[in-house]
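One chain, chain A, appears in both complexes that follow, with chain B as partner in the first and chain C in the second.
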Partner chain A sequence: MLESLWSALSPFNLTLAFFGVIAGTLIGSLPGLSATMAVAVLVPFTFAMDPASGLIALGAVYTGAIYGGAYSAILVNTPGTPAAIATAMDGFPMAKRGDGDLAVTLSCIGSVIGGLVGALALLFLAPPLSTIALAFGPVEYFWLAIFGLSLIATLSKGNTLKGLIGGAIGLLLACVGSAVVGGDVRYTFGQVQLLGGIPVIPALIGLYCIPVLINLVVKPDDHLERRTAQVKGFRLLEALGLMWRSKVNVLRSSVLGTAIGILPAAGGSVAGLVAYSEAKRTSKTPEEFGKGATDGIIASETANSATVGGGFIPTLVLGIPGTPPDAIILGALLVQGIRTGPQLFTQQADIVFTFVMGLLIATILMLPVGLVMGRYAFKLIINIPKTALTPAVALLTVIGAFAIEVNTVHVLIMIILGIISWLIARIGFEASPIVLGLILGPIAEAGFVQAWLIGGAQGNIPAMFFTQPISLAIIAMTVLTLVTPFIAERRKRMKGVKT
Partner chain B sequence: MKRFLTAVATTAALVTATTSFAADYPTKPVTYIIPYNPGGESDVTARFQEAYFSDVAGQDVVIQYKPGAGGATAWAQLNTLEADGYTIMNVNFPHAILQPAIKDVGYQTEDVIPAYIFHYTPDAIVVRADSPYQTLQDMIDDAKANPGSLTFGGSGTNSANHLAAVRFDQMADVTSTYIPFKGSSPAMAALLGNQIKAAMTYTTQGIKAGDQVRVLAIATDERVPSFPDVPTFKELGFDYVAGAYRGVTLPKDTPQDVRQKVSDIIGEINANPEFQQKLIENGYVLVDIPTDQMADWIEERRAEYAEGIEALKAN
Partner chain C sequence: MSGQGASRSIAPDLAGALLAVCLGAYAIYETKDMSDLGAVFPTAAGTLCILGGVALTLLAFKNRSRPSDLTLERPDWPRMVALSVVLLAWAVLLKPLGFIISSLVGMTAVVWLTWRGAATVKAVVVHAVALAILMVGFYSLMVFVLRIAVP
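Here is the complex of A and B:
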């Protein structure tokens, strides 16, 4: 293993990791340019490298891109990647009140810690942990998606009912196109372009970013609050202090992120959201969440970075990609002549260990790179005049929606959903529940239909849904999540009566 | 005199060819659209080609993903793309025959005729290493004793795997339950996780899963080099050779000479021994159907799939 460390530390590999992280962060920070795309573009270059170097470059870009999503989430309320959805919930309110620099630093430290935990799990525990991926079948994914939807109750800032309606709108949007299972064509109104459904990234950009843009134009105030006394530096000590105070949150989010990363159908967005809602549920000050709670950013960023290492576990051990970028990396591995599978850890262990070492190094490099880049990003957004910021961001949203599949219809979908999002925001609906419904709807639907078919073949459909231990645990968590806000509400009222 | 005329004709042809568009094609990178998510067979084989494309064509390919509706989203858009040869697209069979035959998916098979079919992944029935099914006969016996209880996981609805499951039912006179997944990998995950009894998949997946699985039968003419001990369906008494064929297509209006050039490039990559070896190692079977044989090949496939399509429609 030490040998692998040395070969990972070769000047060439270090340079690759360094520039990989920079490039990844930059790409991830632009809404629409996702980690998947960054990795896909890089793959051909790795053919010219030896397998370990190629893998290090890919891993570095991937890690950087997942982190980069936090910038746009914090600074313009637009998750650069779906993994940063939960980051925007508290990141943007923090930036709004002038704490954007602190938020960026927190997200950087959180990402580094989460990334390290995920990579260490990959290094030491990959074969045993890969069994988690197999324990999750269709019925477990169905319940996991339902659990994810129940988080709307926790995540809604004000009105739970409006949150649930938003979630239902998201589910309806998720129905558009050819059904995941069964292939039935729904709600396409004869439009070929809608066959593939509502694309998630353009929807994400539209729902989050367009309202921000419209508000920039219609409201006279600055995009972000300017501090009267400009704080210098990275606010690193302040951030470290906050992290230390939230060590339980950091640890829990890292573990959750790693575990959810292992589940092939879940991914960074689910990990960030679950960690976020757990942080809120166990917090002493849950009412702060959504208004700029530092714990919210810490949870989301730690968890989504932990999915990077976690996602590689099923990819390398079972040959089943944990996330879309993993799938591309898996393809690159095959082209390089590497066979994934349990034997990879014994027969080609040197390549695996060099890769994991490279991933660890890239994650550590993310600390200086992320802090410096985050600082510049923050300064840029806060100093740029509104008249320049608005068209610049508008251009980026169009490019982002277009670039993902080079499709003008996606731009149209982005703009339409954006305008709807702005309109319904005025009557108290938020973007997050809609996005949650859009992302989780297909997972729930596929899981449900598959479980139903398998249950039917076994001759007992109810047993399929209600007797598996993992399912029961997830159902219990769902119920808990749904009733918590009501209990809290009641307790508050009782207290109110007493005083 | 005759020789002189031929020479003139040849020179004239050469002159026209050099001035024509196709002669120096490609002069810039070619976009190669994969209608699926990355990581599957279509992506992996395109990546294999990518590594050799620039050697053969003198230009790179740029791989782009347009997933959705089991490939239909991209295929339905093919003819809206510029027909200059700089956008090529992966197209799969039986998918491109099944989908339009069963549902209105926004395109017809004639809209996506390939310029070249370069390989196929043979159908394979795969079970877990600890499965009670030691042989295909064990599986058939169990399926006959308990109709409907045999669950086959596969990639997608009205797909190659779905058709294979339906055709297997017809051949072996059993009733199985087909469970569609969003790709081959999730289906294999469900198999390894013991959620389904068997996977109706390809040889390639059997190789990726290694010794966690046992392959019961493979739908090739002769045994596959990577699985010397696995019988073919033919050996077991079923006249069944099938799988998913992958090729490269271009928009309909692409000039014939450019289409020919693309067909030549893909054919030349296919002839590279190193490329061949990589594909064979991973469970692919190379085939060479260039553009001039395509019409006949499509008709043969249509005839072959006809009965299965009726069964899928009845589902």
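Here is the complex of A and C:
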């Protein structure tokens, strides 16, 4: 293992990790240019490198891209990647009140800690942890998605009922196009372009970014408070103090992120949202969440970065990619002649351990890179005149929606959803529950239909859904998540009556 | 207009409820041509919408004496509509006009809609240069780095 560490610390590999993190952070910070795209762009360049160096470069870009998504989430309320959805909920309110620099520093430290925990799990626990991925069948995925949807109750700011309606609208949006199983064509209005469904990234950009753009144009006031831009800097000590006070949250979010990263198809967005919800549920001041709670950012960023190492566990041990970037990296591994599987850690241990060490180093490098880039990103956003910021945001939204599949219809879908999002926000409906429904709908439906068919073939459908131990545990968590906000609301009301 | 502590206007809640019920009803109506399994999720989501809409209506009337937590400002509707038209036109013209021309026109229109002060020659030149730098930067990123085929 020491040899692998020295190999990862070679000047060439260090340079790759350093520039990989910078490139990934830059691409991840631009809405629509996802971690998948960042990794895919780099793959051809890695073919000329030795396998370990190529993997280090890809891992560094991936790590940087997941972190970079936090910048736009915090500074313009638009998650750069789906993994940063929960970051925007408290990051943007912090930036609005002039604490954007602190939010960026917290997200950086959280990402580094989460990334390190995920990478260490990959280093020491990969073979045993990979069995978790195999324990999840369709019915477990169905319940996991339902659990994710139950987070709406926690994520809704103030009005749970409107949050639930928003989630149902998101589910309906997820139904557009060909059905996951069976091929029913649903809600396409005869448009061939809608057969593939509502594209998630353009929808995400539209639902979050277009309302920000409209508000920038229609409101005469500044985008963010300018009072603290020139005074506070990194606010590193303050952030470290907050992280220390939030150590249980950090640990829980890291473990959740790693565990959810192991599950194929779950990914950083689910991890961030679950960790955020748990942080809010266990907080002594849950009412602060959504208004700029530091614990919210810490939970989301720690968890989404932990999914990077977690996602590599099934990719390397089982050959099952957890996320799209993992799938691309798996392809790069195959091109390099590396066969994934449990024997990888013994037969090609030098390559694997050099890669994991490289991932650890890239994660540590994220601290200086992220702090410096974050500080200048915040200063730039806060000092740039609104008349220069709005065309930049408009261009980013159009490019981001267009670039994914080079499709102008996606741009139209993004704009229409964005306008609707702005309109319904005026009557109290938020974007997050809709996005949650849109992302989790297909996972829930595929799991449900497959489990139903398997249960039907076995002659006992209820047993399929309600007797598996993992399913029962997830159902219990779901009930707990749904009931907690109502109990808290009731307690609050009782206290109010007494006083 | 309603604000913190003001008497509650139930219009936003009723509008939300109407939207939810209509959407839910349409979603369920459309399931008539779907297979049984294909209709499960649309029916469930549609039913949730309708039930949520009905509950929202009942709660709106029940709580109308409570102070509202929803602060509605009168928006600048002409600017909002103009921006929506600009963005939609930008998307439609992206292919026929090409990325560079459509984006330059689109961004200029967005700047014009955002502008509230006096348009001095210096300010116009600075913004024109900023737009040009933005365009060159993003075009280079798309074409030369990410190798995306832009129109």
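Here, the second predicted complex is superposed on the first by the 495 of 499 C-alpha atoms of A that agree within 3 Å, B and C clash if a C-alpha of one lies under 4 Å from a C-alpha of the other, contacts with A are read in each partner's own complex, and residues count from 1 in each chain.
The working rule: contacts are C-beta pairs under 8 Å (C-beta built on N, C-alpha and C of every residue); 3 or more make two chains touch, one makes a residue touch a chain.
Quick caveat, the model's predicted, so the values are computed rather than measured.
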(request) With the two complexes superposed on chain A, say which partner A:318 touches: chain B (first), chain C (second), both, or neither. (result) first
(message) With both complexes superposed on chain A, which partner does A:216 reach: first (chain B), second (chain C), both or neither?
(response) second
(message) Just to be sure I read the superposition right, which of the two partners does A:236 touch: chain B = first, chain C = second, or both, or neither?
(response) neither
(message) If we overlay the two complexes on their shared chain A, which of chain B and chain C does A:330 touch? Say first, second, both or neither.
(response) first
(message) Between chain B and chain C, whom does A:182 touch in the aligned arrangement: first, second, both, or neither?
(response) both
(request) Look at A:136 in the shared chain and tell me whether it touches chain B only, chain C only, both, or neither; answer first, second, both or neither. (result) first
(request) Classify the contacts of A:406 with the two partner chains as first (chain B alone), second (chain C alone), both, or neither. (result) both
(request) Would you sort A:461 into first (chain B), second (chain C), both or neither based on which partner it touches? (result) neither
(request) Kindly list the residues of chain A that each of chain B and chain C touches, one partner per complex. (result) 179, 181-184, 406, 453
(message) Quick check on the complex: what are the chain A residues that touch chain B?
(response) 36, 40, 43-44, 47, 133-138, 177-185, 192-193, 195-197, 264-265, 314, 318-321, 324, 326-328, 330-332, 334-335, 337, 339-343, 405-407, 446, 450, 453-454, 456-459
(request) Could you please specify the touching residues of chain C with respect to chain A in the complex? (result) 12-13, 15-16, 19-20, 23-24, 27, 30, 34-35, 37-42, 44-46, 48-49, 52-53, 55-56, 59, 69-70, 72, 75-76, 79-80, 83-84, 87-88, 90-92, 94-95, 103, 106-108, 110-111, 113-116, 127, 130-131, 134-135, 138, 142, 145-151
(request) Spell out the residues on chain B that touch chain A in their complex, using ranges where they run on. (result) 37-40, 43-44, 47-48, 50-51, 60, 63-70, 72-73, 76-77, 102-107, 148-151, 156-158, 177-182, 185-186, 188-190, 192-196, 207-212, 278, 282
(message) For a test of understanding, state which residues of chain A touch chain C in their complex under the given definition.
(response) 33, 37, 41, 158-159, 161-162, 164-165, 167-169, 171-172, 174-175, 179, 181-184, 186-187, 210, 213-214, 216-220, 386-388, 390-392, 394-396, 398-399, 402-403, 406, 408, 411-412, 414-416, 418-419, 422, 424, 426-429, 437, 441, 444-445, 448-449, 452-453
